[in-house]
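You will see two complexes here that share chain A, one where it goes with chain B and one where it goes with chain C.
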Partner chain A sequence: MSEIRIGVYVCWCGTNIAKMVDVEKVADEIAALQNVVIAKNYKYMCSDPGQDLIIQDIKEHNLNRIVVAACSPRIHELTFRKALENAGLNSYMFEMANIREQDSWVHTDRTDATKKAKSLIAAAVNRVRFHEALDKRTVDINPASMVIGGGIAGLTAALEIADSGKKVYLLEKTGQLGGHVAKIDLCYPYFQSAAQFVKPLISKVLKHPQIEVFFNAAVPEIHGYVGNFNAKVKVGSEEHELVFGNIIVATGLKTFNPSVIKEYGYGALPDVVTSLEFEQSLKNGQILTKAGKEPKNVVIIHCVGSRNEKYHHYCSRTCCMTALKYSNQIKSILPDSNVYQLYADMRAFGKGCEELYAETSRKNIVFMMFDQRGDLPVVSKAGTQDKCEMLVNFHELLSSTDVEVPADMVILMVGTEAHENAKEIARAVGISMCGNEFYIEKHPKLDPVATTTDGVYIVGGCQSPKDIPDSVSQAKAAAARILATICKGKVEVEVTTAVVNEDVCCGCQTCVKVCPYTAISYIEDRNVSYVNEVLCKGCGTCGSACPSGAIRCRHFTDVQILSQIEGLMEMVLIEDE
Partner chain B sequence: MRYRVDANLKTELKKFGSKDWNECFHCGNCTAVCPLTENNFLFPRKSIRQAQMGLKNKLASNLDPWLCYFCGDCSKTCPRNANPGEIMMTLRRFMTSVYDWTGLSKKFYTSKSWEIIFIMVMFIAIVAAFGVFLAPARDIFSNASKYIAPESGGVLINSLVPGLNGHQFVKIIEIGDLTMAAIVASLLISNILRMFYFTIIKDKSVSVPFYSYFTEAWQLLFNFISQPKFSKCDNKQYWLGHFLLMSGYVIMFTVIVGLLPKFQVEEIFPWYNWQRILGYYATFGLLFFIVYSIIGRIKKKQIKFKFSHASDWLFLIMLGLTTITGILIHFFRIGGLPAATYIIYVLHLAVLVPMILIEVPFSKWSHLAYRPFAVYFSKLKKAAYKKQASLSEFSKAA
Partner chain C sequence: MSFNPKIVAFLCNWCSYTGADLAGTSRMKYAPNIRIIRVMCSGRVEPTFIMKSFREGADGVIILGCHPGDCHYHEGNYKCLRRYHLLKKYFKQMGLEDGRLRLEWISASEGKQFAELVDEFTHQITELGPCRIKNTVETFA
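And now, the complex of A and B:
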């Protein structure tokens, strides 16, 4: 093995690091460490001149290991690996020390922060000595895709992919396409008819030669990995074997069942209806109570099941604007009626929405605020002298008054929540959920439609409550991502995977049980475990569980980790003396 | 206590003035700048909220609009141009109609034709009454010198009607004056009792300690005379204008109703005599206010003049006509023009009587009585709140 020659680069990150860490002193002291040929500091290592500095030094000083002390590797590890590649080094001969998020940003004492930076860099230097060159691997992509869910997001994604000539399998659990949007009369904020755009979308999907729709489909069992998934889709007694390269989960959400909130009397009082039920009567073109009369007083209660610690603490996003839409529709159908809005917090974000709120509030509609943390409004049957069918009693916050509101019809703006079988679908496609059973995206800002499982994308309401434009944008984004990988034809897969030393493996199958990605299988005739490297994410669970030490995790070998810890401790000990 | 919400009250309130009740989104800037704000008296946001929600009973027990002098600080600060000051004025008109048991107040405020027809009828009735029962002597034109006092050259104002001596003429006018005052007073007193019922008795959130009825009674007179709350507002000019108007009006009213035999006499006093000094002061006060307000309402530069309800204009016009005719009587008398004096005298009464009958019990001028009582009642409420607070503190300590 040739001589180890390490280059260390300490980044200022403008003032982010430099203000709390004495970068020049750190670089000077690190230069004294064993195998460190050169140690420099620079204002922005991630900038082009910063990267060029590394490339130049590699060539000039014949470096074969690089350590960059800067921000989190989640942000710039790939940047620097690319730089190494450009200089002709294997990209895995690199280690990053995080002296920003883990140091300068969280400390207030410059001396301490400088000391810590040295320890972290020493650990990285120690580790990088034992790095090995790893080769990139790619797999072929099957150009077909599966879309689960035939709502507005699923339809859009399916069409987007199919229009480029690629095959799409669209799975729908019910007997019809369109999802919730198909149940809506007019959309906020511009009062367009939903049917006008969703019906053409459905018929286009049904007629599309590249789209195969499976109605009444059960959640399939899916195997495989990015580029090469396969599934058995059951429709009744039939079973279809499908092979595809990517999956879009567009399973949407369902509305909250308000009968659990006793105060609102849903189910007990005939004219307490959910927003979706009211939408149906709007679609039928008339607003009537169960007794067939036109309601004189309509009370709209917001945040039913949303933003309440007892039910769901999150905002369902679409209900406020839908309530405003109802107010306008009621006022136009029944101009003499009184509309009362009981809200916990009006939220009118989104294009055209604040304008709709302003316009609606000028229409003699009474907006009143109740406290979600206190007692909820109570809907009860009115007495004969009350001149209305029901009374809604609550404490109004802005006037600090106990009030009663006359009502002939109460509309509950039900929130939205994940489907009961959200977990089942998550398990089938191998993605994870957040606390509310909505699916988690890979990165909330920079990668909002991908998941941590390559080749599986989440769009629309299954990720979080969403309105139509957001769902459609996500669907198109995911379709673009998939088409990009199909265009490439191949996809890079992780190389920092686990590998079994078959000579040492005793075939106990502990690793098979602990693997969260079902990447390890047991080969009976040889009595050993085998890691499918495409499925393996390199999480290291098997490596730590293996009783005989037969499993080695590439790039996270025992010697790499131990020497990293040693480096960290050594510096601490030296400083303390 | 639960209050009924009513979406239709806003529509009803629009007729009393302010057009847009929905602009306010309760940021509370108005409350922060209002010099009147203190605990439990949150000007003017609280009243606006009650109006927006149509809490009719709550509004009826609310005294805040009476305490407001419309300095306009709130409207200047409002980020939504909701003009909270004007909303307070609108609520004052509305409350006048709530206290008024006859229902006429509401009619006058919400219908211009009701108001104008009433004024016309009264005007014609008074002119006719003079024409029929108190017609002037026929030779008032041809033989003017007969009705002029030779030593002063002034018109013998009480001797223009044949068959009546000076005492008798003044007596008749005085009886008319006192009748008018009695009508106005009985209406006001009964409405103030209703105001007391709505704001103190019916408001279950307060129980007024009995002693405070006496300890706070001085507020009535003090506030009536000095209007100390108004002087808290930023613009002192408003306070001055308002004070001149109020004192001038009160002096005039007292002099012509209570002291008519001493005031409407035939001799011309020297300028430094008390009758003339009081008269000039009152006339100046009224004129200053009328001119200031008319210019303001035409220019619409100051916030308090931006919006004018029909009743605001009618009040200024009636008061202006009364004042001008009053001034003319004075000059015609001194100038020795008996016919002109008589005609203007009749016209003066013909505008004065309907003005007083409409304005004092039913319209804008009722605040002359309501405001001091509102201050008094609000002091009672404050005493009640204070007692409640000390009681709850006591129970906490225990």
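And now, the complex of A and C:
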């Protein structure tokens, strides 16, 4: 084996790391470790000059192992692996030490954080000594795609892919396409009719020769990996077996059920309606109370279930502007009515939205602010002497007075939340959810439609509350990503699979039993186990189960992890002495 | 000098490591004693790794995986759980206190729970005091 020559790079990440970790001291001390040829620190390792630094040093100093101490490997491991490749080094001769997310950002003492950085880097240096070159493996991409969810995002994605001549299987859990957008009358901020663009979209999808729609489809059981997924889709008693290369999850979201907020009287008072119910009456072209009368006073309550610690702390994003849209529509249908907007905070970001707010506020509409953290407005039935059906009582924040507003109709701007089956879908496709049960993207800024599972993309409301333009943009982005992989025809897959050393294997078949992917089979005539690398996903369970130590989990081998532990503790102990 | 425990942690890539990253992204603060080793799945964690950590001077070891039912590899966390219980049976015989090893579930969204758990476990190990198995092994070696 040739001499091990390691280059170590400690990133400042601007001040993100440097302010809590003494990067210069760390680099100096790491330079003294065995096999470390050079140890440098640099402002932004992930930048082009940062990567060039590595590439140049590899060539100049004949380095054959690289350690970068920076952010989480979940963010930039691939970036640096690419840099190694560009320098002609196998990309697996690389290890990252996470000194930002798991060090500088979570500790408050510079000495402690610096100590920790040193031991994490020493562990990485120790580990990388035992890294071995792994050959890239590519698999063919099945050009068909599966889109789950037939709302605006799913429809757009399906059409985008199908228009290029590639097959799309579109799964919809209900009996119709269009999702929430199909239930909307006019869209903010320009008052276009939603039906005008969603109806043609639906009919295009239904007629498209490359799109197969499965209505009333259950959450499918999906197996396989990027490029080669297969699924059983159940529609009633029928079962369809599909094969495809990529998946777009476009399952959207649902509206919050306001009956849990007792103050608003939803369900108890007939003229307290949700925004979605009000939308339906707008579609029907008339605004009437349950008694069939035109309401004189309409109260619109914002942030129902949103931005409230008791329900959902996030902003549902579309409700403020929808509420403004309602004010305009109410004023144009019932010019003599009084419209009251009870808001917690007016959020009007996005193209045309602030303009809509400014314009609406000139239309004789009363805007009043309530404290979302204090007592919520209380909707109650009016007395016989009152000239209205209901009364809304609350503390107005800006004037700091208790206010009573008359109401014949109360519209609750309900927030949005993840579907009940969000978890089931996440498990089916193998993606993670954040605390609010929205799906987690691969990178919040640089890769917002991909997920950590290759070949699975998330678009629209299932990732977080979104308006129509953003959902459509994401759908098109994911479609473009998928078409790019289909164009290439092949995709690189993980090569960190398990492998059996047949000389050591005793044929006990423990590994066969523990493998969750039936990737290991027993070869009777040789009395050994064999790993099918295409099926193996590299979890390493077989490696820990093997009693004779015959299974090697590539890139997570025993010796790599054990030496990493040694490195971790070595540095800690030296520090203590 | 007050006792500053050394803690080695094995975190699965998909849930717990992501959760630990989230604690960082959210700028939560926790005790600096923990040193994290990333594995693809908690099912990869061999008893050898744990014993090696103690052998090298760790005072506590914690394994974190996906919640039951949420394993990226379907059931690696269950395999880990079985091994954990088995290893714990031997702990007493080896003169190790039960509390030095722990297995917990942390999802990708549980940054806060992760930070709290690290503090709690660090406190637990501080209470237990230094682990002497390293010296014992060296005496008999």
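Quick note on the criterion: the second predicted complex is superposed on the first by the 376 of 577 C-alpha atoms of A that agree within 3 Å, B and C clash if a C-alpha of one lies under 4 Å from a C-alpha of the other, contacts with A are read in each partner's own complex, and residues count from 1 in each chain.
Just so we're on the same page, a contact is a pair of C-beta atoms (placed from the backbone, for glycine too) under 8 Å apart; a residue touches a chain by one contact, two chains touch by 3 or more.
Being a predicted model, the structure only gives us computed values, none of them experimental.
Chemist: Looking at the overlay, what does A:98 touch: chain B (first), chain C (second), both, or neither?
Modeler: A:98 sits against chain C, while chain B stays out of touch.
Chemist: Counting residues of chain A in contact, which comes out ahead: chain B or chain C?
Modeler: C
Chemist: Classify the contacts of A:340 with the two partner chains as first (chain B alone), second (chain C alone), both, or neither.
Modeler: Touch partner of A:340: chain B, not chain C.
Chemist: Between chain B and chain C, whom does A:364 touch in the aligned arrangement: first, second, both, or neither?
Modeler: Once the two structures are laid over each other on A, A:364 reaches chain B alone.
Chemist: One more residue to check, A:427. First (chain B), second (chain C), both or neither?
Modeler: second
Chemist: If we overlay the two complexes on their shared chain A, which of chain B and chain C does A:393 touch? Say first, second, both or neither.
Modeler: In the superposition, A:393 touches chain B alone.
Chemist: Pick one for A:401: touches chain B only (first), chain C only (second), both, or neither.
Modeler: first
Chemist: Taking the touch rule as given, give the residues of chain A at its contact with chain C in the complex, in rising order.
Modeler: Contact set of chain A toward chain C: 72-74, 98, 100-103, 105-109, 112-113, 115-116, 119-120, 123, 427, 430, 432-435, 440, 452, 496, 514, 516-517, 537-541, 543-545, 553, 556, 558, 561-562, 564-566, 568-570, 572-573, 576.
Chemist: Sort out for me which residues of chain C touch chain A in the complex.
Modeler: For chain C paired with chain A, touching residues are 4, 6, 8, 13-15, 17-18, 20-21, 23-25, 27-30, 32, 35-41, 43-46, 48-49, 52-53, 56-58, 69-70, 72-76, 79, 83, 107-110, 115.
Chemist: Please name which positions on chain A make contact with chain B in the complex.
Modeler: Per the stated touch rule, the residues are 297, 338-340, 361-362, 364-366, 368, 393, 396, 398-399, 401-406.
Chemist: Which stretch or stretches of chain B touch chain A in the complex?
Modeler: Going by the criterion above, the answer is residues 1-8, 10-11, 20, 22, 26, 46, 49-50, 52-55, 58.
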